[in-house]
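To keep things clear, I will list the structure first and then write my remarks on it.
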Amino acid sequence: MSPAGQVRDWLDERFGWDDLVAFIRHKTVPLHRYSYWYYLGGITLFLFTLQVVTGILLLLYYRPTPSDAFGSVQYIMTQVHFGWLIRSIHSWGANLMIFTAFAHMFSVAFFKAYRKPRELTWLSGIILLFLVLGFGFSGYLLPWNTLAFFATTVGTNLIGQVPLAGPWLLTFLRGGADVTGATLGRFFAFHVALLPGLATAFLLTHLLLVQRFGISVPPSLEPAWQAKPPAEREIRFFPNFMLRELMAWYLALGALGTLAALRPWGLGTKADPFASAPAGIRPEWYFMFMFETLKLIPARVGFMTGEALGVLVFGLAAVAWTLLPFLDRGGTGRKRRWAAGAVVFALGYVVGMTLYGYLVMAK
Amino acid sequence: MREDKSNPTQNPERRRFLEVLLGTGIVASLVSFFYPVIRYLIPPPSTDLGSNTVLAATVGELGINAGKIFRFGDHPALLVRMADGNYSAFSAVCTHLGCTVEYRPDLREIWCPCHNGKYDLHGRNISGPPPRPLTEFQVNVQGKDIYVSRTAAT
Amino acid sequence: MEARVDSTQITDAWWRAPAALAGYLFLLALVLGMAAPTTARAQAAKNSCLDCHSQLPPPLQVKPEEYNQSIHAEKGLTCVSCHGGDATKADMTAAMSAAAGFRGHVNRTGIPKLCASCHANATYMRGFDPSLPTDQYSKYLTSVHGHLLAKGDTNVAVCTDCHGVHDVRSPSDPRSSVYPLNVPGTCARCHANAETMKAYKIPTDQYASYTASVHYEDLVKNGDLSAPTCVTCHGAHGATPPGVSSVVNVCSTCHVFQAQLFDKSPHARAFLAAGLPGCVTCHSNHRILQPTDAFLGTGKGSVCVNCHAPGDPGYTAAAQIHSSLTALQASIDRSSAILARAGSSGMEVGPAELELSGARDDLTKARVGVHNFSAPAVEKETQAGMGVAQKTYQAGVAALAERDYRRKGLGISLGVIVLVVVSLWLLIRSIESRNSLEAKK
C-alpha cells in the first residue's frame, strides 16, 4: 500500500474519513437559471478567510496606540516588504466582502430562502452581517487618520442617540466621553478579538445550518425545476460546484491584487484631536445610506431629535428585517407579494440613498 | 474543446493534461501568493515607525555649542547642544515660510537663512519675520543614545 | 438655599454641641463684618453725573456700560478725572460749579493736551503701567495731524478719534479700535473718505490698496497680529508719510536681509539720485503684492523694464536672474510632480520630499538674494538648489521603477490566476461532458 493510502486508512480508522468523502461526494447543489447566486456565500467566506490571514499579518507590525498607530501603518505601507500589498488587500478585501455579504443577503431575500425551515440560517446570517459591519466600523479607525477619527466621532455620536441605552453605549464604545486613545484601544480589541471570536462562532453555526437544511430552490422556479429530468436538476458539490467556486475565488483574488497594486489603499494624515473637523466627512460607503437618511430628517420631529428618530427607525427596520422569516411565512397571493415588495423596497432604498449620497457629495 | 465529444476515447489523456495544467497553475499561484507573505514576515532593517520618538544622535556626536539637523517623521528637526552641555530640540521648520533653520554657534541663536529670522534657545522668535515660536521637542538621553520625542499629546 | 441647609444643620447640632453655637456666632459676625465695607464702597462709587447723563438724550448721554468697560474705569478713573466737577454732590449746580473745577465739554483743540496731562506724565503713569510709553503727546505734535491742529484745523484726528471717547480700551483688547486688526479700518474712517480728504488733496485709495496687499492677508487671513498695519510704517501718534530716503529704513525693520543687500546694490545710489523711493519703486507702497518671479526679467509684469531698455546691462541681468529663478522653480516642480506621482502609487518618498525642501530653501534664499541684483550671485544660489532637485528627481524615477516592479509582479500573478481559472474551466467542461455522456448511456 502506498504511503498516502496508509495515511488515509489511518484517518479512516480514527474518524471515518471514507464516510466524510462519501458524504461530500453525495452533496448536491440545485441547478437552475439563477444557480450562480449560490456562489456569493462561498466568495464571502473566502474573503473572510483572506481577511483573517492578512489581518494576522498586519498584527505583526501594527501598534494600537494613538502615538504609534498611524506611524506603524505608514511603516507597513512604506518600509515592510510587500506591506503595501497586505494592507491594501485587507482594506480592499473588507470592502469587497461587505459588498458580497450584502449581495448574498439580498439574493437570499429575493429567493425567499429564509422561509421554513431555514429561519435560523437567515438569523445567523443577519448576525454575521452586523458583525461584518462592526468589523468595518472598528477597523476604519485603526490607522488613526484624520478622516477616520472624525468619521468615528460622528458615527459613535449617532449610536449615542439610541433611545435609553444611547449614553451608556456611547461611553462603552468610546471608553470615555470622547474619541481618544482609549477608543482606539477598544476598537482594536473589538476588531481583533471580540468580533473574530463571535464571527467564527456564528459562521460555523451558519455553515452547519446550511448543511443541515440544504440549499433552497426559489419558489418561483420550483415548478419548472421539478419538471426537469432528475439528472439536470442538480450538480454535484464536489467537484463540479467546488471547482466553479474555486474559479470565483481566484477571480476575486485577482481583482484584489489588481486593486492593491494599482490603487494602494491611502493613508491620509495623522489624526489630530484638536484640529477642526475637515470638510466632507463621510462614513464608509456601506454606512452611506443611513448617514444620508439622518441628514435628511429635520433637526426636531415632535418630542425627539431628528437623529434619535432616525436611529430609532433604523433600529426598528433592522429588527423587522431580522425577523423577516417570521413575518413572511409563505402562503400565497397578496401576502407573498407583500414580502417581495418589502425586499425590493429595501434594496432600492439602500442603493438609491447610497447613490444619492455620492452624487450629493460629488457636487 | 473541439475534438472531445466526437472522440470520447481521448478524454482520459485530455483530463490528465488538464489536471497537470491545473496542478501547475495552483502551485505557481501559491508561490506567487506566499512569496510576498514570506518577504513580509522578515522585518526591514529600519525600525523607524515614524512615531513620536526618534533617535536623533548619539552622545559625543555633538560638541558643546553645536547643532544638528535630523529627520523627524516627514519634517526636519534641530538638535542643539547648548553651552552648558544640555540638549534641546525643536522643529527645524521656520514658522515664517517653512525654510529649514540652523543653529548659529557665533550668535548662540537659531537662525533661518531665508529671511534672517532668529529664535532664542527656547525656540522663541526674537527677531525678523517669524510669527510664532518653533515647536519644542523633548530630549531624553538613554545610555549613548539621544532620543527626541514630541511632548505627549494624545 | 445653602444658608438654610447650613442653619438647620447648626440648629440640630447646637442641641448636642455648644461649640457649634460658637461657630454660628462667628459666622454671623463674619457676615456682618463683610457687609459693612461693601456698603462703604458702594457709597464711594456713587456717581451723581450718571444720575442725569445716563438719562439725557445724545450728545449729553453717557452709557454707563460703555464707560464701565473702558480701561479708564478699570483703573479707577471717573468722569471727574477728565471733566472736573464734584460727583459726590447730588445737586447739579454744585456738582458742575467752576469752584469744583468743572471743565465740561472739552474742545477738540484741547483734547490732546487734556490726555497728555496724564499720559505725558511719566511719574503719574508709572503708578498704572510702568512700561507704558509717555511720549504720545510729543510725537503727536510732530505728526501731520498735530501740525494741522496747531494751525487751527479741527478736522484732523485727535486722540479720541482713534481711541474712542468714553470707551477707550487697551490696544490689546480685540474690541479696541486700535487693536491691530482694527487699525486699518480706524484710519480708513477718514482716509478712505473722499469728502473728508478733499480739502487736503491726498488720495483715498490707501485702504483699498492695503486690503489687497500681502501684509493685510497676513494680518487678517493668517491672524498674524505682528503683521504691519498703517501705524507700523507711518507711526501711530507721530503719523507722517515716510520720506524717499527713509523708506528703506522703514521696510528694513522687518525685511533686514533684503535691505542689507539692496544697500550694497547699484540700485541704492541710482534710486537716490533719481529720487526714487527705494523698495516702493518696485513693490509699491500700500498695495504690496506677494512678489512673484514675474516681477523680474523682461516679460509681462516685470518691473525691471520700467527703467531698463533692451541692450543695457541691467536688462540682460534681469533676464538672467529671472531665468535662474524660473529654472529652479521648474526643476522643483518637476521633482515634486514625479514624487507625488510615485507617492500616490504607494511608494515611500518621504526622505526625497524632505530633501526637496532643501531646494525650496535655496529658491527662497535666491529670491531674497535678488535684492543684490547680481545675476552671478543669484545663479550660485539656484545652482545649489538645482543639484538637490535633480537628485530628488532621480529618487522619483527610482520610486516609479519600484512601482513598475510591483506591476510586473501583478502581471505575473494575474497570468498564473488566469491559467488556473482557464484550466479549471476546461476541467469542469471535461468532467461535465463525461458526466452527460455517462448519463446518456
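Assorted remarks:
Which chain is which? They are A, B and C, in the order written, and residues in each are numbered from 1.
Definition applied: a residue touches a chain if its C-beta (ideal position, glycine included) is under 8 Å from a C-beta of that chain, and two chains touch if they have at least 3 such contacts.
What you see is a predicted model, and the numbers here were worked out from it, not measured in a lab.
Distances from each chain's CA mean to the overall CA mean are smallest for chain B. By C-beta pair count, the most extensively touching chains are B-C.
Inter-chain spacing, taken between the CA centroids of subunit A and subunit C, is 52 Å.
Once the centre of each chain is set as its mean CA position, subunit A and subunit B turn out to be 35 Å apart.
The set of subunit C residues touching two or more other chains comprises 350, 409, 413, 417, 420, 424, 427, 431. Among the residues of subunit A, those touching two or more other chains are numbered 79, 85, 250, 253. Residue positions 29, 33, 36, 50 of subunit B are each in touch with at least two other chains. Against subunit A, in their complex, subunit B makes its touches with residues 29, 33, 36-37, 39-44, 46, 48-52, 73, 150, 152-154.
Subunit A meets subunit C in the complex at residues 77-79, 84-85, 88, 231, 239-240, 243-244, 246-247, 250-251, 253-254, 257-258, 261-262, 264.
Residues 1, 4-5, 8, 11, 14-15, 18-19, 21-22, 24-26, 28-29, 32-33, 36, 50, 71, 74-76, 97-100, 113-116, 127-129, 131 of subunit B are the ones touching subunit C in the complex. Taken in their complex, subunit A has these residues touching subunit B: 57, 60-61, 63, 66-68, 70-72, 74-75, 79-83, 85-86, 180-181, 250, 253, 273-274.
Of all the residues in subunit C, the ones that touch subunit A in their complex are 345-348, 350, 406-407, 409-410, 413-414, 417-418, 420-421, 424-425, 427-428, 431-432, 435, 439.
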